[in-house]
Amino acid sequence: MRPSGRTPEQLRPITITRQYTCHAEGSVLVEFGRTKVLCTATVTEGVPRFLKGKGQGWVTAEYGMLPRSTHSRMHREAASGKQGGRTLEIQRLIARSLRAAVDLTKLGENTITVDCDVLQADGGTRTASITGACVALADALNWMQEKGTLKTNPMNFMVAAVSVGIYEGIPVCDLDYDEDSSAETDMNLVMTETGKMIEIQGTAEGEPFSQEELMQLLELGKQGIQQIIQHQRQALV
Amino acid sequence: MRPSGRTPEQLRPITITRQYTCHAEGSVLVEFGRTKVLCTATVTEGVPRFLKGKGQGWVTAEYGMLPRSTHSRMHREAASGKQGGRTLEIQRLIARSLRAAVDLTKLGENTITVDCDVLQADGGTRTASITGACVALADALNWMQEKGTLKTNPMNFMVAAVSVGIYEGIPVCDLDYDEDSSAETDMNLVMTETGKMIEIQGTAEGEPFSQEELMQLLELGKQGIQQIIQHQRQALV
Amino acid sequence: MRPSGRTPEQLRPITITRQYTCHAEGSVLVEFGRTKVLCTATVTEGVPRFLKGKGQGWVTAEYGMLPRSTHSRMHREAASGKQGGRTLEIQRLIARSLRAAVDLTKLGENTITVDCDVLQADGGTRTASITGACVALADALNWMQEKGTLKTNPMNFMVAAVSVGIYEGIPVCDLDYDEDSSAETDMNLVMTETGKMIEIQGTAEGEPFSQEELMQLLELGKQGIQQIIQHQRQALV
Amino acid sequence: MRPSGRTPEQLRPITITRQYTCHAEGSVLVEFGRTKVLCTATVTEGVPRFLKGKGQGWVTAEYGMLPRSTHSRMHREAASGKQGGRTLEIQRLIARSLRAAVDLTKLGENTITVDCDVLQADGGTRTASITGACVALADALNWMQEKGTLKTNPMNFMVAAVSVGIYEGIPVCDLDYDEDSSAETDMNLVMTETGKMIEIQGTAEGEPFSQEELMQLLELGKQGIQQIIQHQRQALV
Amino acid sequence: MRPSGRTPEQLRPITITRQYTCHAEGSVLVEFGRTKVLCTATVTEGVPRFLKGKGQGWVTAEYGMLPRSTHSRMHREAASGKQGGRTLEIQRLIARSLRAAVDLTKLGENTITVDCDVLQADGGTRTASITGACVALADALNWMQEKGTLKTNPMNFMVAAVSVGIYEGIPVCDLDYDEDSSAETDMNLVMTETGKMIEIQGTAEGEPFSQEELMQLLELGKQGIQQIIQHQRQALV
Amino acid sequence: MRPSGRTPEQLRPITITRQYTCHAEGSVLVEFGRTKVLCTATVTEGVPRFLKGKGQGWVTAEYGMLPRSTHSRMHREAASGKQGGRTLEIQRLIARSLRAAVDLTKLGENTITVDCDVLQADGGTRTASITGACVALADALNWMQEKGTLKTNPMNFMVAAVSVGIYEGIPVCDLDYDEDSSAETDMNLVMTETGKMIEIQGTAEGEPFSQEELMQLLELGKQGIQQIIQHQRQALV
């Protein structure tokens, strides 16, 4: 039995709210149960130095947690003077996932920066971030088309993410904090709406896992992501 | 005429939402018009080193802006490796204002840290922060009393803050971004519910101001703060 | 009775020594009693990036304390790797005050940087800094005129500053360290030689203060600044 | 055809040299073809603060590249003042992999730090690092047993790692730099000598990949790791 | 002919002013011609961690230049977030020189920190710093004896320093900035009042130098230091 | 008797291995007994800003120690966020020594960066670094000539370095760690193959030293460097 009473394949309630704040070209509040992340997409002209003159765009991401988004207060990274390894790892993952969704050559020499800031954390902040960031990115690309900056939409497909893991011996989908903190294996999957994989990151926190368990987790993740992509589509209608 | 159509003494709509997030001992979303700040109060045992063994508590504050809370994206302070001068100045102001509201000797050897994170900025983020932080602090102190950590409530009085300034020659109250960015004089006032002053910080951005103008600004600020304190009281009922 | 035996409105002995060091375009040692600050003004061609091509100049300031300018040794900010919040706050205040004294459009695309380094501290280092910095700035502007870089003098008026506060219930002017460290209210005033205000920063360290007390402090500060401006004028003869 | 002329499943020549330097409790030079990593294991008494008094040990890792281990010179991270995101991500991966190999409760309150420093890079530095680090760790644990610090050997099983990827449409094992820099999909696998998985990290650099491709990569990786573990065993005889 | 008209062996006018500032246990302004350095010695109880419980004391030093102590303004090290290599090198040299002058076992578990801050620079700031720092250290040790903290004086002998160099082919003593910036060889000597050497640091800036030239520089330096030690003795009377 | 059984003037076995790694334009492993340093020289087009347009090149150096190159593990400078004073001092020394060996005007607007990374430390890492770096530099200059970037060889002469010191009262050459850590006087000499001096850095760690002792050390160092230069020459054949 999962602490939340969910069945193994059951996701938490998911809500995706667009135009959550007023300044950004895309602004999305994504909620996976009690996990809440604000994702804003900013469009700026120009590209980083290593891309100058190559006729393509760039998509990048930054991630942060508000100090008291968690059970006990975390230090503020701005105050301690650097982003921790976990933060850097997550924002690199978000950025790679978003770039996979976009044809950068159709973006022109423009950069889109997606900020994912966790307002409240209850497990799965990175998968919620990717899911919300993709909607914010879609909004920013639409904004560019409406403004006439882009002629065609550079988005290849929507991407979404979910966590899966082995909790008390049973593969489960979309772990909350209670499950996540005691799971034996923890895996994050990023997939496209076409059912293909962009990222798979699995870690044995306790016992190593077998290939059979890996297959079960993949199966759970695949069906979870399909549902999440439905939520994205409904939000974008 | 003010850009928003308000009269000189008119505040923006103010809302104060308690228990906005679930983990913190006090969690308040404060809105002054389009300015939205999330204020969370965290209680921890112990005090900073310079207070150890003195039998009193401590109240401190940290402030940050989400990168795209503003018109154009600001860099993320965690990524650039330090908090800017404006950030440090504001969080020192918030902390001093809150400490003035509390009898630290009644707090025991406990520390309350109030984080003010700006989700959306439209002028007056520091005055909104102080206003919301005081409600979050009140909630945290109530939590301590309910838990039995405190026998008496250490709060002396509520404090609230408002900005006043001279915009196109006319003293106005609670400036939004359009006014703030072109005001000749900009002043922030922090006052108690008993009508006394805790902080006054006024700056001539353009022309120096006369003592008469200062008096007008004080008068406007005083009546604005009285209304804001009404909002705090209603929120705490 | 004040610890120093001064009357409430009495300033400490003030001396302003120009050309204190040999390299800077303006170099002033300012002394308010035992508080000694070396203020040097440096002229450089060009302006910060945000002003390029706007046909105006810039005035900025930096502030520091020698490690043993104080009663007990402070850490060296260069060694600890960052300037503290108090330092940043003070140097922002000095810079704003100096900019208010100058017509930046008459300065051409030049930058003047004023460094205020405290050799010995006994309260009031920020007000002494502003007072001395304004003289160093005047010297640097004269140097530019003599050199032919400037045709007209961009200085609008001299500015000076003083601290006022409520010490043992009585409003006093130009607090030394003994008074400052136990004052109930502490206020810094920056005014022009024309009697107008540029900055007012007041803080209730203990009890909140009333508007009546504020008026008394303003009155004390105004007459103190008038005397300080006399010292500036005599120094510049 | 692979640039090196290898068959898809063929590893590069692997050599593992123990006691490569003289001070460390474990010191291993691992070579995967032209990739050369020096792995040293250091034993220290005590554990990090978060583990104090829990009666268990800790294993951690740090990773670095010499500035000219690569084709063009990289900046020195010590000089630029921080470790980059890639570095932090890799050293977290190495550390997790090593901890999975060890029963920390049998280690006592001791810490083993494994440093992986890349002398020469030609793709696969993280998988070579894990492979060599595990041998250095085994040596350090043997050293502790010989010295009498440990009664039983805390090592559960050897772990090794290999990269797999899709290069020009074909799944291949142990990618060198030429392959790595143009692979469509890149995956790192960490497995135990018992054939179970500890980490799987796969990324679509170009096209998303299908589950069938994932299966092929897993199969290639599994047989590659079995061979690598043979090299570890021979080195430890 | 030297730019200053001095003979090759002639020092600049040297003045040593004690009690230059009021808070430090030793406070000395040392002037070598236009080079002016403020040296303050601070006594604190306790020693750095690596010396705890060894029954001995410690002497350390820090060095800094005010931003406009030089011809053109240098950046402020506190603002740029780190001390440069030259600064660290000089403060390490000062500290080693002072420790050589003191019997640390007679100092008890106390630390003396000497801050050398350059108010005005015209060549030879490091040798002036050592010379002044030694007088400030002597004053601090006397203060400790008067206060009863020390029973015997831990000072072994006075130390002083001078620069020598080859300027336009001729060995000269106590180089000013004009000489220093174009000297072919530059050497700093630290010696005791007993005529022995503590530090010798010579660098060929242009042509390498012969052993014969080294001998000439040593001879010049030795007689220069003897004169400087006379100035120290007179100052301490 | 020296701990190693060497006679006072006897060097440790010296080996210089060229082409130790494959990417750098010059790559040398230098061994002075158990001290092993990897020196790589990197050629890049362009010069630092302060040299732009002056028609000359630049040679610089960086130095680092692997964390477990030493008896007990040192912290990793990249992780602690800055290079220590000793590191900066050594890399400045290496760079100055190399620049003395090269006619920068013949180098064109190119920069050569030599990285010296200590794989194993047993005393004398800075002198081994200079010795190996000079060979790596020679290889890089040859590479530039072969490539046609340079018409003439800018190298004036080879430079090499050795440490000398007074160990248990007796002057000895090429100190290992056991000697170095208890020597009374420690001196590093950098000389040219023509027998002239580039750097002399001597420090009295215990007793100050006399000029007679200095002469003995110089004599020992001179003959040691002559032998080391023979090793450089043989390596470059």
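First chain written, first letter: the chains are A, B, C, D, E and F, and each begins at residue 1.
Everything that follows uses one rule, which is that a residue touches a chain if its C-beta (ideal position, glycine included) is under 8 Å from a C-beta of that chain, and two chains touch if they have at least 3 such contacts.
As the structure is a prediction and not an experimental result, all values here were calculated from the model.
Shared contact partners of chain C and chain E are absent; no chain touches both.
Counted as hops between touching chains, the shortest connection from chain B to chain E is 2.
Chains that count as touching both chain A and chain F, per the definition above, are D.
Seen from the C-alpha centroid of chain D, the farthest chain centroid is that of C.
A repeat of the C-E interface exists among B-C, A-B or E-F. It is A-B, with more than half of its contact pairs matching by residue number.
At the interface between chain B and chain C, over half of the residue numbers involved are used by both copies, so each side presents largely the same positions. Here the spacing of chain D and chain F, counted between their Cα centres, is 33 Å.
Separation between the centroids of chain A and chain D, computed from CA atoms only, is 28 Å. The mean-CA centres of chain B and chain F are about 59 angstrom from one another, to the nearest whole unit. Look at where the CA atoms of chain D average out and do the same for chain E: the two points lie 50 Å apart.
Multi-chain contact residues of chain D (touching two or more other chains) are listed as 81-82.
If each chain is drawn as a node and touching chains are joined, the picture is one closed loop, every chain linked to exactly two others. Taken in ring order from chain B, whose neighbour in the chosen direction is chain C, the chains follow as B, C, E, F, D, A. On chain A, the positions that touch chain D within their shared complex are 82, 84-86, 88-89, 91-92, 96, 100, 187, 191-192, 194, 196-204, 207-211, 214, 218, 222. Only residues 21-24, 27, 34, 36, 38, 40, 42, 44, 62, 64, 66-73, 76-79, 81-83, 87, 113, 115, 117, 119-121 of chain A touch chain B when the two sit together in their complex.
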